Amino acid sequence: MTRPAGAGPASRDALAHAVGLRRSGWRWTILAAAALAAPLLLQGAFYHRVLALVVLAAISASAWNILGGYAGQISFGHAMFFGAGAYMPAFVYTHWHAAPALGLPLGVALSLAIAAVVGVPTFRLQGHYFSMATIAVAELIRILVSNWPLLGAAVGLQGPATARTVWDLTFRGSVTYYYLFLAVLAVLLGVTAWMERSRMGYYLRAIRAGERAARSLGVPARRYKLHALMLSAAFTAVAGSLYVVMIGFIDPDSGLGILISVEMVIVTALGGAGTLFGPLLGAAILIPLQQTANALFGGGGTGFTYIFYGGVIVLLCRFEPGGLLAIWHDRVAPAFRRRSASAVRHAA
Amino acid sequence: MLLEAQAVSKAFDGFLAVRGVNFEVAAGEIVGIIGPNGAGKSTLFNCLAGEASPTAGRVRFDGADVTTATPEAHARMGMARTFQIPATFTDVTILDNVMVGAFLRHPHAAEARAAATRVLDFAGLAGVAHLRAATLGTPGRKRLEIARALATEPRLLLLDEALAGLTPAEIQRAIELVREIHRRGVTLVIVEHVMEVILALAQRIIVLNHGEVIASGAPDAVVDLPEVVEAYLGRSLTPRGPAGAGAC
Amino acid sequence: MITAVQVLVGGLLLGAVYALFSSGLTLIWGMMNVVNFAHGDFVMAGMYLAFLAVVWLHAGPALFTLIAAALLFLFGVGVYYALIRRVMRGPIFAQLLSTFGLALLLRYTAFWIFSANFVTLPTTALTGTLRVGPIFVGAAQLVAGGVALLLTAGMHRLLTGTALGSQILAVAEDRQAAMLMGIRPDRMQALAWGLAAAAAGVAGALIATFYYISPTVGESLAIIAFVVVAFGGFGSVPGAMVAGILVGLIEATSAFYIGPVYKDVVVYALFVAILWVRPQGLMGERV
């Protein structure tokens, strides 16, 4: 990636920077419009369900992205936060006959507690310890829950069959859920975008790029990693709550299994970790693929899905860790730019 | 005294890398640390910078005891450092690299950006602000490291072989930059191998060998001391007439 | 009283196997700062290779263990050259993710080929129980434990007592210096991967004689390896040996007194406790 260093490149860059921002504003508006119109353009229960699941996956992945993509701390056990968020609404409904919505803040609180247990000791050590701990603690929780009658053991818990009030969050069809999820995603993206431009964003990226150097510049690495973890865990719990109110049911496999963690990782990594748009892109590609595969091949499809995921992850790591967005920015887009630049030169 | 090391020792698994080093830097000085490979310079450096904790002794910065303070605490208190192998954030732009340093004193992004831009101008990197740091060669990265450390507005800057591996022309530019930094009131401690740099910049040097200070004083006086020459395996350190150039 | 000893002996023997495959993990980690998240699945691969060797070749225990060791050695070296070597030069993000991706590949390929049902090894010369004094020990467990102890000690001896071993350790200690001494770091690192994978393969083949073989067995074995490595100390093979046996003992005791379902929970909780209280483990340096 070479750029001519000539007279006034700084001002040219600043201009390009500003234009880029303006252009990206337009892109997000178009995206938002498309997202709002989607259920009208794609009619039918199957499509609506897939749309809702895409947004849900985008929320989980975007939440994971804050910790894994921006801060570079890789969690392979995010399912524990998802599960905390998913079990709480079902729990309060089953045992207290309360509205599942009450479970949402409780799920967030529980996931923050779990996050503290995992993050506080490991963030003062090298990154591998955190990753290993996420696997161990997620499994530990899954085993405990699978054997705890209060939480339904292996059978799981259910939500309300019919809505008593709007706080039961039990709606017919997927469209209402779709818009609810979209609203939550918008909030999450807004928070992430704000974080990206603030000191926290710069510090997290520095920690990811080189924690030792970052600390020498005054970055309180441990504290910021914990902040990122908390934010990530909280939103993942919210995703879990949204999942359970839509599906109406939760069990250890669907709430706490490692495959849930895997999905968050692959969706983010494929699209582009550490970018705002990456998780959205990953979700938009992988979830429809996955749902179609399930519909066509039934359960046998799942074995191959994860071979595919494993293969994609290995290839990405080996060749382009920045995912599809990086492939676009670094390889595809410059080719277009070069062509249009030469066209301009020829025209002038 | 801005920086004091009192009887600092550091042991690794029984091996004493630094032994009872006493060392002082007054505000406004440029002090050099030299010594052959394995003399313990890096270890001492890391003890001063807070990356390693001495197994014995104290380190004081401006009167405060920083022996066990974290690197980030060091930075907050006004001590910054560079790394021997440049540790720039390669996938991040040059401006953003420096902004990370600037954020220490300017919590808001706009101010941090302005401060970082000023530092880039000072360091001669303004033209490449929006390029990724990975596009820089070694001299550029070393310069970026210095700029980034400067953005934390330190009172003391520790340079770890910041001028190694540069061509003579680049070395001259780097020496100028360091002099300019010093003129702006930053105290400097420089670990260096390149003698030309030490002789050009340091007002005072200490010589380490086997973890101990074997000599200290003005550069010209120290480099010809027999113990120092011997430490460097009998090579004469500065070019002189035929009489001095004999041993090799 | 006899039952307690019985439980402890079982734990000790299984612990020796844990020590065997965990020492490979700690060697790689100490050497190149890479945690092989697929290590449990290497063990799983060893188990299935043993199974196939019995089914297709009617191999006896010695042969199928050798086959597992050899094939996994080659696989480990291959993984190093094809993936790890490149990934190590890049961002840490990719380093952490790459072996996880490999784990998924291995696990779900096994799932696809063998389906979720577990298999067991057909009866071999190692079935049956021996009586050692007042205690009953499964022959398979005894052999597994004994062989594992020998091999782990052998690995330690290889590393500390031979020229090749010191070359490997030299690279682990200081890559640049090793290069200056004429040692090829790439070769040594590939060798380390091969050794670690082979150890995992052997461990798998050994356990296969008395364990249920299923594609997802790698998940829990990986965590056991993490616990052992953290407990023993980052990069310390002797630490892994001691810690492996301790973990085996703790696991067996928990299984007996609390229940088989919760034995994993105790070990995983132990891991968290280690991280909180003594992350450098028994023999590691202050992390």
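Order of writing sets the labels: A, B and C. Residues in every chain begin at 1.
Keep this in mind: contacts are C-beta pairs under 8 Å (C-beta built on N, C-alpha and C of every residue); 3 or more make two chains touch, one makes a residue touch a chain.
What you see is a predicted model; the values in this text were computed from it and never measured.
Undergrad: Name the chain pair with more contacting C-beta pairs, choosing from A-B and A-C.
TA: So, comparing the two chain pairs, more contacts are at A-C.
Undergrad: So, comparing each chain's Cα centre against the centre of all protein Cα atoms, which one is closest?
TA: Answer by centroid distance: A.
Undergrad: Could you grab the centroid distance between chain B and chain C? Build each centroid from C-alpha atoms only and quote it in angstrom.
TA: 44
Undergrad: If you average the CA atoms of chain A and of chain B, how many Å lie between those two points?
TA: Chain centres of chain A and chain B, defined by C-alpha means, are spaced 42 Å apart.
Undergrad: Any idea how many Å lie between the Cα centroids of chain A and chain C?
TA: 33
Undergrad: Of all residues in chain A, which are in touch with two or more distinct other chains?
TA: Those would be 209.
Undergrad: On chain C, where are the residues touching two or more other chains?
TA: 91
Undergrad: For chain B, jot down the residues that touch at least 2 other chains.
TA: Where chain B meets two or more other chains at a single residue, that happens at 91.
Undergrad: Could you please specify the touching residues of chain B with respect to chain A in the complex?
TA: Within the complex, chain B touches chain A at residues 49, 51, 70-72, 74-76, 80-81, 83, 87-92, 96, 99-101, 103-104, 107-109, 112, 126-132, 135, 148-149, 151-152.
Undergrad: Under the touch definition given earlier, write down the residues of chain A that touch chain B in their complex.
TA: Touching chain B: residues 1-3, 5, 9-10, 13-14, 16-17, 197-199, 202-203, 205-206, 209-210, 212-221 of chain A.
Undergrad: Report the residues of chain C in contact with chain A in the complex, numbered from low to high.
TA: 29, 33, 35, 37, 82-83, 86-87, 90-98, 100-109, 111-112, 219-220, 222-223, 226-227, 230, 261-262, 264-265, 268-269, 271-272, 275-276, 279, 287
Undergrad: Touching residues of chain A toward chain C in the complex: what are they?
TA: So the residues of chain A touching chain C come out as 68, 72, 74, 76, 117-118, 120-122, 125-129, 131-133, 135-137, 139-140, 143-144, 147, 208-209, 258, 262, 265, 269, 273, 303-307, 309-314, 316-318, 321.
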